[in-house]
Structure formats: C-alpha cells, structure tokens
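Look at the two complexes coming up: chain A is in both, with chain B in one and chain C in the other.
== the complex of A and B ==
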C-alpha cells in the first residue's frame, strides 16, 4: 500500500463538511486523526486483516434515501423502533408509540441530554482510528436512556439501513445509558445494499445493578465494509450480555471493549457465518478492572468458500481484580479447502486470586457424529448440513427475542442448506 | 536506532585495530573487522566468513524486537566484547571446603553428586576427579558407532562439509535480530551428528554436563540426525550458573531426516539478578528444529527458571509428512524476572502432529508469558495440534499472560488450544497443612503435580533435580 493512497483515504473522509452538532468532540477527534494513516498488516492489531482494499475506493458523502421496511420489521418491536437510512434519521420509518413513558429513545440530533455522555467512555484508552472517524463525521444516531429501576418490557429495535448506488461512507452512532437497576433488551441491526463503508460506534453504560441484553445483527451487503466499535462500561453488580451475529460484509470487524466493575457480569457471544471471499474479524477486549466480576465469551465461526475469519480476544485482569472469573472460547468450523481461520485468544493477568481460562479449536465436523446421523438414515449432505446448523445453534438458541431468533435460524438454515430437512426452528 | 547503529558501526575502527591474530581479545564494539578477526582467529574457511558478514550486514538493517512482554534496558551492542580467547580455567578454590556455604547448600538441595559439585563450583577439577579421562572414554564410545560430538569450532575444521550443508538451514542468518547477531559473531558451541540408523547409546546430557565448558555468550548448536537415527541431548544444568556477560543470544538448530528422532532438553538456571532485579542475564535464544524427513520427530523440553529476561521460542517446522513436533515447558519466574517464552509449530507436511504443554508459574513481582504459534499451511492435510497452557500465580504482584496465535489454512486440520490461569489452590494447601505438611513443602508438592506432564519428559535424573530446583526457586515466596 502506498502512503499516498492511505493518507488520502482518511483525508478524503475528513475533507467533507463537518456536521454541526457536538463540535468540541469532533474537533478533538479530527485533531487525533490528523496525519494518521490506515493501519497495515504490520500493526499487530491488524495483522490478519488487510485494509489495503479500502484505500482504493473513494467513499462519497451519504445522501438521504427512502427504504422499504417490510422485510425488516419484527412483530415484538413494531412500536419501539428507530430507523436510520444512510446515517440519517428516518422519522417516517420509525415508530416509538409503544416505548414506555420515561424511557428516552431519540435520534441524537435532538437529544441534548446525551451531550455529556457521548464519547466519554473508556477515557484514557487510546481511541481507535475508526472510532475517531465516526466521532468526526457521524450524521446522526440514537440515544437510549432508561431511568432508575425501570424494567422495559418490550425490546427496542435499532435499524441502520444503507443504500449505496455509488460508494458512500456512513457513521452510525448509538449511546445507551441504563441507570441503576434498569433493565432493557435492545436489538441493533445493520442492513444494506451496494458498496459502502459503515463505521458504527456504540457506547453503553450499564448502571449499578442494571441489566442490558444487546442483540447485534450485521447483515450488510456483500460488497460492504463494516468496521464497528462497541464500548461498554458495566457498573457494580450490573450485567451486560451481548450477542453479535455477523453474516454480511465483504470485510467486517467487530471491536467490543468492555470494562467490568465490582461484582458485575458480562457475556460476549458471537457467531460469524461466512462464505465467498468474506473476511470477518472480531477483536474483543474485556477489562476486569475490579474484584469479583464474571465474564463469559463464546465465539463461533463457520467458514466456507474462500472466506477468512479472525478472532483476537483479550481478557485483562487488573491487579486489584481479585476473585475474577473469566472464560473465553473460540470455536471454528472450516467447511472448504480454501477457508482460513486465524484465532488468538489472550489472557493477561495481574491478580492472583482468579479463575481464568480460554480455549480455541479449529476443525471440521466430527466424523463420528456424521456417521451417527447417517446410521439414522440421513444422507451425507444432510448429516453435514444438520451438524453445521447445530454448531451455530447454541449461539442462536439463546437469542431472547422470539421473532429475531426464528428469522436468524431460518437464515442460518438456508445458508447451511439444512432447510432441505424441513423447518428445524 | 538503526541509523545511529549504522553510523557507529560503519565508521573506521578507531582503536587502530588490525587483524592481529595473535591478540587475545578485541576491544568492545562490532564492525566487519571484528567479524573478520573472529573468523581468522578461529581459522575459518572463506564461506563461513561470508556467512558471518552477510548476517552482520543484514543485522545492521534490523531493529531490536519489542513485541515481547518484557521490559529491559536495551543492550549497547558497541560495548560488548565479541571475542576473547578462552582462558585456561584457573580454579577458584583449592578444595570444596573453601566454597561458599550458600552455594554448597544449593547443591545439596539439588542432589548434585559431590564430584560434579566441585566442578560446577569452580574447584580445581583434577583435585576431585579426572574429567579428561571420562570425556575420552565417552568420546571413544560414541566414535565407534560413528557419532560426531564436538565443539562447533572443531566441527568447522574436521567436518566442514556437514557444517556447510546444515548451518543456517533451519535458522537462516537473517531470521531475527538476535539470530542475525549470533550468526555474525558466534564463537563456539556444540555439534552433534548421528549417522544413519544409529541410536545414540547414551543421553548426551551426561557427557555434556561434565564437559560443560564456558561456551560464551553467542553460542551455536547444531544437531543433525540422519535417517532413522535418534539422540537425546541435554543442555544446561540445574546448578545456578553465573556469567559476567549480561546478554546471551544463542542459536540452536536441529535437523531430523526420515524417521529420525531428536529430543532436546534444557534446564536453564542462569543468574536471575537479585531480589530487586539488579543484574541478571538477558537470555534471547533462537531454537528451531526442522522435521525435514518423513515421520521425523523433534521434541523440546525445557525447564526455565533463571535469567532476568527470557525471550525464547523453541520451534518445530514440520516439513516431512507424518512428522511430529513436541514442546514441553515449565517456566518459573520469581522476584523481578520476566519471561516471554513459548513455541511455534508450523505444519507443512501431511498428517503432521504437534503437542504443546506449557506450565507457567509466576511468583513475586515477576511477569510470565506464554506466546505460541500454531500454523497449519494449506497443504498440511490432516494436521493435528493439541496445546495446553496453564499458569499458576503465587502472590499478588505477579502477572501471567497467554498469547496463542492459531492460523489454520487447511480444513482437515484439527487444532485445539486450552489455557487456564489460577491461584495456587488454597484448599489443596489447607489439606496438606491439615495433614501436618508445612506450607512450603506443600507448595513444592502442588507445583510438582502441576508440572508433572513436563517433568516426565525429562531424563530421569534431571527430572529429580528439576523438581528440587523449583522448590528452591520458590523458597520464601509464600507466607
């Protein structure tokens, strides 16, 4: 990659007019971006994910557009959805009639209350390039504020849809704040058509004893680039459970960063189903900053065609985080000759009274399991497809929102061709 | 840093140095003349000098790696003396009675035989026993079956064709910063050649330990096992080793042809510095084995307890079909020690198998990291790897990290990695104490249980010593 190409990539994105809101935040981000280049595979963090291809595409500004929502609505969330098209809020597609009083579920552009919280997470940590790009250039996004002790019965639905006739860049932004004792289920979906770059940044604050269940679905177009950042801080006794399901994108990267305070809990599950030339990368960072927190991570990948998957999961246990209980698993299934898996679970531990473990496996389907199914009358293909579907199952089955669970199961069944066996959902 | 290095190293040698073969040592610093001097001094053939110069020139373009999880003041390569003639060893003590009682206590705890104790402590050897005759006996015995086992310099003179064929064939001179430096300035080391079909009649350890000369800070070891040959080699010993050279950058190359087996065991107990981290050896080693032939087998076993900084990744390149690579490691760090160690298993041939068992124990203020790579290349049909990396933490100020890299490009491969980190079991300790076993002894037993998968790979007598060594190293770290 030549220097000129990479520099122009960022400069080009920065060259556009800066949206007016959140001026101070944007200036700081631009200052950090000045002179920066796209990372290369020489950077340890991007060792397996080559962004060279980004440098060759010129991503223009994102125009407003209208979309047909019919395929995207989930029955539980008909009255609790905010829709953003090409990064802009789409008021006519959104509907918040069922959102309970007291809960703020608004576009960022009209939510002044977000002023102090936005961009404040994980301070002191170096901000990532794509996070800064988002801060400098996001058009709009969503704010969710759940007041103290309120348990929201209906899940909230965030839909980010991108329609690109020519290559465009979008920067969705989300801020979620749960005050003490609040509870919420949130579904965040990314869909799209055409060639585009999407760099979402999601910031989450889970208050003391609050519980957030966060389902994240990435179904970008096959030509899209999705480079997402998630930052979550979980206060004392709080719980944050997220599940990231990646199906789309030519190149996608999920970068969750979670900080756990005393006695809090987190689970970070992931499933990536890849084919063709797709590349999906997950770089997670779990910081056990305080004592007695628990974390669980199960990351599964099914890789077909010439696809590649990368997992880099880091767990850091700070010196005072005694009593930490952390487990991490990376499971990978290779379906084709040319598929590739690079996985690197990492433990960094500075406290002694801890229980931490991680594991990684890469392999194909178990021949004994295949044989068993065949002995029951399934043909070889069906047996393979069923087992592949089953591999994804333990992540899919835990999705609490029934309609979403069903639709994603159907999607996985179709992709693994297990649907020839009938409806397994 | 490179530019400075270039400036410094490319300038005229200002101490008026000429290739004076008669001189006993050179002034500190490194340049091409120093390398020519080393080569001339050792009477090396032209191609070996070229090998050194090529490595040196490449080294100049390299930067010292900083990806390892260790922090230390970077050595000044211009302050190191790269050659000094091996001095006739003057005995430090006339008899065992004069030896420091602390050192004697260490030997006793380790169970080192009395005559070896003397040798290791630096007592005039011939006072105690005649090492030369022992050495000669072994050498003759090995020679009858065609085994070559000699110093590296001797091998360059006696068997240049073998050295030329294999030197740098596993660790190329430009492999990494320290390997390049070693390739440029190595002074001596060991060479082992096991001819076709020969099983080495003894562990080369026994011989080696008695013959353990000072081989300098840039040691070079090359072991070649021909078709169906097999050998077990032990490097180092459990007794504490002191050295005035702070930087050690050794290179070890192993080559196993069809059906050959090489087992390489290391017990490393270099001086680790004092409790406050003052002094101590920097141990930057490149060790790699090439399973070149079909069904070849290379096994690394290491017990790393010494050195202030350890940077070491004994690796296997599994090129031959059905070849097997193994890595068994115990790394113990205490006080201010820092270790970043692990292995690389590169699966190239079909049905290649590798096993990694790594046990890290950190105590005091130390930092202990496992860093490993398992790579399955596209043609490595049926490759199989199993890795297990466990860490144990003793005390609140130490740290343990695990960085396994897994890269798989073949779908028929099966790769499994497991790692756990935990505190030494309080309940286990309690149980021991309840039965009247004091805490320190209990810890020693728990640690030995923790490490047994590795210890059982060591030659018997070393396993016994290694066990004792670990408890010795942990003395006073609990309670």
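== the complex of A and C ==
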C-alpha cells in the first residue's frame, strides 16, 4: 500500500506541465525518476527521517502570489536582492540597482545562455530524488555570475518566499559561479506560511582562488517541508564558507555536498533550533578529492520539546588527497527529556598523510557554567537562558552581514527566552 | 560580617570539610593557605553555593543571615563574590553585555538605577583601567579563548563591577606571571575598603607579598590547623607546610 501512495506522490508532482526551458535536463531527470518511490526509513540514508507524512499530502502547483516584503528586507541588500514568491520570480519585489556592473544576478528564466553548467555539478554522482524532482519541475531561480577577479563589495540577497493557502510544492533553483579570483558574500533565505514542500537546489562553482561566503537561513513555516540540496565545487586555492541556520519547518533536511580541489578551503557550519515536533536532518558530504585542502565543520543543535535532530557528517579523503586537514564537530544541547539527537560522523580516509578529527557531544547545560553565572547574581532561569543563547550566539556572532546577524540574534533570544536579559551582542 | 561555625561538607558522600570555624569582620583581610587537596577551594565553593557540595553540618552567618537559606545567585546579590580559580568560558555572550547584565541584576536587587549600554560603557571603561585590561576583551565572548592571566583579570574586573561586601579570591595567582600578579594584587588592594572583607585562598605565599592579610589560616584535611597573623605567611614561605601538619598531629588534631 505504501508503494502505491508514494508512487503517486512523485507521479503527481510530475503530472504538472513541464516548463518550456531546459528541456534536455528535465527529460533526463524525469527518466531517472521513472519508477522511483519516496525513500522509507528502511533506506539507511533516511533511517531517522520518515517521509511517510509527505505521501499523505497532495501538493498542488504553485500559483503566483504577492507578498508583503516589510520585515524581510535587510538594509545592506536593499539594492541587491532577487525575490521569488512560490517559485516564481517577483520582479516588482526585486531590486538590483546596486549590483555592480559585470556581475550577473538574474532570474534563471531570462538567463539561460549563461547557464551551461546548470545540473552539471556532482562529479557524475547519482542524483538525489529531490534534486531530480527540482530539475524536472523548477519554475525559476537565480543565476549569479561574478567575473574574474571581481570582489563584490555588497552582499547579494536571495529571498524565497512561499505563501500556501492550500498545499503546494516549490522548487527553487540557484546557480552561483565565481570565476577565478572573484569574491562574493551571498545571503539565501527561505521563508513561508502555510503547508508546502520546498525542494531547493543550489549549485555553486568557486573558481581558482575565488572566495564565496554563503549564509543560508531556513525560516520556513511550522507546517512546511524543506528538503534542500547544495552542491559546491571548489577549485584550486578557492574558498567556500557556508553557514546554514535552520529554525523553521515541520521537517527539514539539508544536504550539502562539497568537493575540494588542491589547496582549497571550506567551512560548513550549521545551527538548528528546534522545538515542538520539528525534525531537522543534515546529511553532509565533504569530498577531499585533491591534496592539501582544509575543511572545518561545526554543527550545533538546540533541541527542545519532542523535536528531533539528525546529523550525518561524511568526509571522504581520496587516495591522492595527501596533506588533508579536516575537522568536524557536532554539538548538541538537549533542553527536554523527550528531545532526541542522532549524530554520526563518517570518515573514510584513503590517504595516509592527513589530519582528520571529529567529535560529537550531546548533553544538557553544564552545571559548572550555570554555577558560574549564578555566582554573579543571575538567577537559575536567567543563567540557563543565557547559556542556551550563548550556545547559538557563538555561531550567529560570525555572520558578517550586521543586519542579518542582529535579526537572527533577536529571533534566537526570543526562542531561548533570553530576550528579557537585554542586548547580549 | 562572616561567621563560620563547625562547618562540615561533603562531595558525593566523601567528607571534605571536617569542621571549619572562622570569623571575619568588615575591613579585614584573611588568607587561607594549605597544601593541594586540603579543602581550601572547597571552602570558597561551599560559601558561594556550588551545587556539587553538600553541607552536612555547622552554620554560616553572613551579616547575621543564614547563608544556606540563599541560592547561589541570592548570595551574590547579598554581596558575596567568588573569584574562580578556573573561570568558565561562555561562548556567544560578549564580556561587556555579561558584565552589564550582572551589574544590573545587582542594582535591581539593591533598588539602584540600572545602567543602559551607553552609561555602562562609561562605567566599565573606568573599571578596566584598574585591572589594565585591553578594551578588546570587552567585546570578546566571556572568557572564551582568554589566557589564564586574562581570565583572572576578568575576575577582578567583575569584582570591581559588582562591589561585593565579601570577596573570596580562589588561587588568584595561579596562571599569572609576576607583573600580572602585581597589577591584580594592587587592584585588589585598591578595591579594599573598611566595609569590605577579603578572603584570599592560596597555595603559594607569593601573592601575600602584594596583598597583606591581617590573619593567616592553614587549612589541611578539611580543618584549620593553625591561625596566626601575617608572620605565619612568611614562615610558610620559608618552611613549607609539613611542620604545621606535624605540629597539629603532635597536638592530636589529626
């Protein structure tokens, strides 16, 4: 029976008309999807994240809609923003007047000629189900192209907003290409209201010696499903630094996949704040394909109520990747008895001259830390809230865009009941 | 100000304080000295209310009030300050905002005006001069990545901000080089007032060259074996602790 339901789930999503562009890519994705089913918990990759509930919801096509942007705009990026509503580009909500000449920051629907690399990342690896669904049916998305040696001073803002009166599915698509020596700061945000499924696919190419800083904020609605894929290839001496901050969604999954070439660097940090019955899953894959690359991964979760978080951090060091330096840390703070954390590092090392370390902690607040704060006059509740905030604040403080940092701090202070403690920045 | 009578305490069922008696008046400086593992740090933690220790007997009155009626935070607001031997790192919370929070909690408890960030900025910039702390340490996360000496500086800064009635400084000199020790010793001296009492807990007599106690107590095996004036510190510097222990054993105390 399950099979019948899940087959119809994918068939239903594919049943909507195929958008005109990208025909070849879409056909290939559809061919791969033929006969596929939603994964079940019997599948090792989805062991702790049960998608059964998806099969019971009929997600319709996403209509165009208008949204109120107030509360979403960040002052640094007022003139460098592309906004997408329900998967469609929203030209009147977007503004690119401050984007420097030479940088392409366009909706995919009008930028097709620049995007020969769309769908080509991933080293010929098998594509994921939701990635293929995205390729088969994405309506629109963004292309960012930064030419050689250009250092973009202002951050760019990608805002994906979903407004669902009835359940809908959206497939945001992003392609970021930094040519040799280019530098960019990118903020990607996902917001929404109502019940919907969002399956974004973000593809990133960081050229030789180029640097991309990528802030990813997931603030979907409480009823939303967010199943996102990120693929990044970092060329020789390039740097890719991403921070994924997950607050919303009934069920969310982040799947970053990063390939590091010689002498490149990546940081892949994450913060998830969960409560109620939320489930947040991160399955990351870091491929040290070539020598002397460095990777850093700090994944932090604060889990309250009956929420649940899953972290599966895979690092693969290829035989020729001598001199690899990889560090991974998964730190989890449990705020209730019924919260749950499943964390699993997975290191596969085929080179012999490498520095690789990983560690995972799952626990409550440290009584020594609580006592220290109490000994300075903070009552037990304030001390707890301050430490909980600090656990997250540690990640937030590193966000380079000031207004985003401030707004997320306020969000986290409110969630950790630290807002009564005043400004903690 | 502080009256300790026959205080006993244990940790995980193991007795660590075996009957401490100590009287301290406002304006006095006392030093508690003793070998490692003697229970000196325990005494400080028990007075501050560390949850790992169980008070099994005796009485402690702080300004006439039973100390054990108060939670650790209430003790702090009542005027007790413990300078930690190993201050805790709290990532994600800036030192300045933590100091302001602590200051305002105390001000609130005392019915004084709280300071807003701008007012506090002026206030704290005066205070950091006292401990010769660099301004950048205000913006960094509380104690995170601070060296041992910087952490101790921060403890004395907290003391200067909170203006306690009784300050207990646990191994202030550990992790400090000579210069830093002198700076912090001087800072503590300048903070000393007729209405404030100081309890210096230390293994090495060195710190007492800068901070001069009127009373020195040797603590070992959870008991105070000997109490005398500041000349005792000099004697300990020269002769170590063994003779005090032997003397006490001969006197049937052990």
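Throughout what follows, the second predicted complex is superposed on the first by the 421 of 425 C-alpha atoms of A that agree within 3 Å, B and C clash if a C-alpha of one lies under 4 Å from a C-alpha of the other, contacts with A are read in each partner's own complex, and residues count from 1 in each chain.
The rule is short, and it goes like this: contacts are C-beta pairs under 8 Å (C-beta built on N, C-alpha and C of every residue); 3 or more make two chains touch, one makes a residue touch a chain.
Everything numeric here is computed off the predicted structure, so don't read it as measured data.
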Inset, instruction - Would you check which partner chain A:351 touches, where first means chain B only, second means chain C only, and both and neither mean what they say? - result: first
Inset, instruction - Examine A:230 and indicate which partner it touches, taking first as chain B and second as chain C; both and neither are also allowed. - result: neither
Inset, instruction - Examine A:380 and indicate which partner it touches, taking first as chain B and second as chain C; both and neither are also allowed. - result: second
Inset, instruction - Could you tell me if A:397 is touching chain B, chain C, both of them or neither one (first, second, both, neither)? - result: second
Legend entry - Which superposed partner A:340 touches (first chain B, second chain C, both, neither): first
Inset, instruction - Name the contact category of A:372: first (chain B only), second (chain C only), both, or neither. - result: second
Inset, instruction - Examine A:293 and indicate which partner it touches, taking first as chain B and second as chain C; both and neither are also allowed. - result: neither
Inset, instruction - Answer with first, second, both or neither: which of chain B and chain C does A:133 touch in the superposed model? - result: neither
Inset, instruction - Jot down the residues of chain A that show up as touching in both complexes, chain B in one and chain C in the other. - result: none
Inset, instruction - Spell out the residues on chain C that touch chain A in their complex, using ranges where they run on. - result: 48-52, 71-73, 75-77, 81-82, 84, 87-88, 90-94, 97-98, 100-102, 104-106, 109, 117, 141-142, 158, 162
Legend entry - Complex contact set, residues of chain B against chain A: 67, 376, 378, 391, 393-423
Inset, instruction - Mind listing the chain A positions that touch chain C in their complex? - result: 366-369, 371-380, 382-383, 386-387, 389-397, 421-425
Inset, instruction - Mind listing the chain A positions that touch chain B in their complex? - result: 44, 48, 319, 322, 332, 334-364
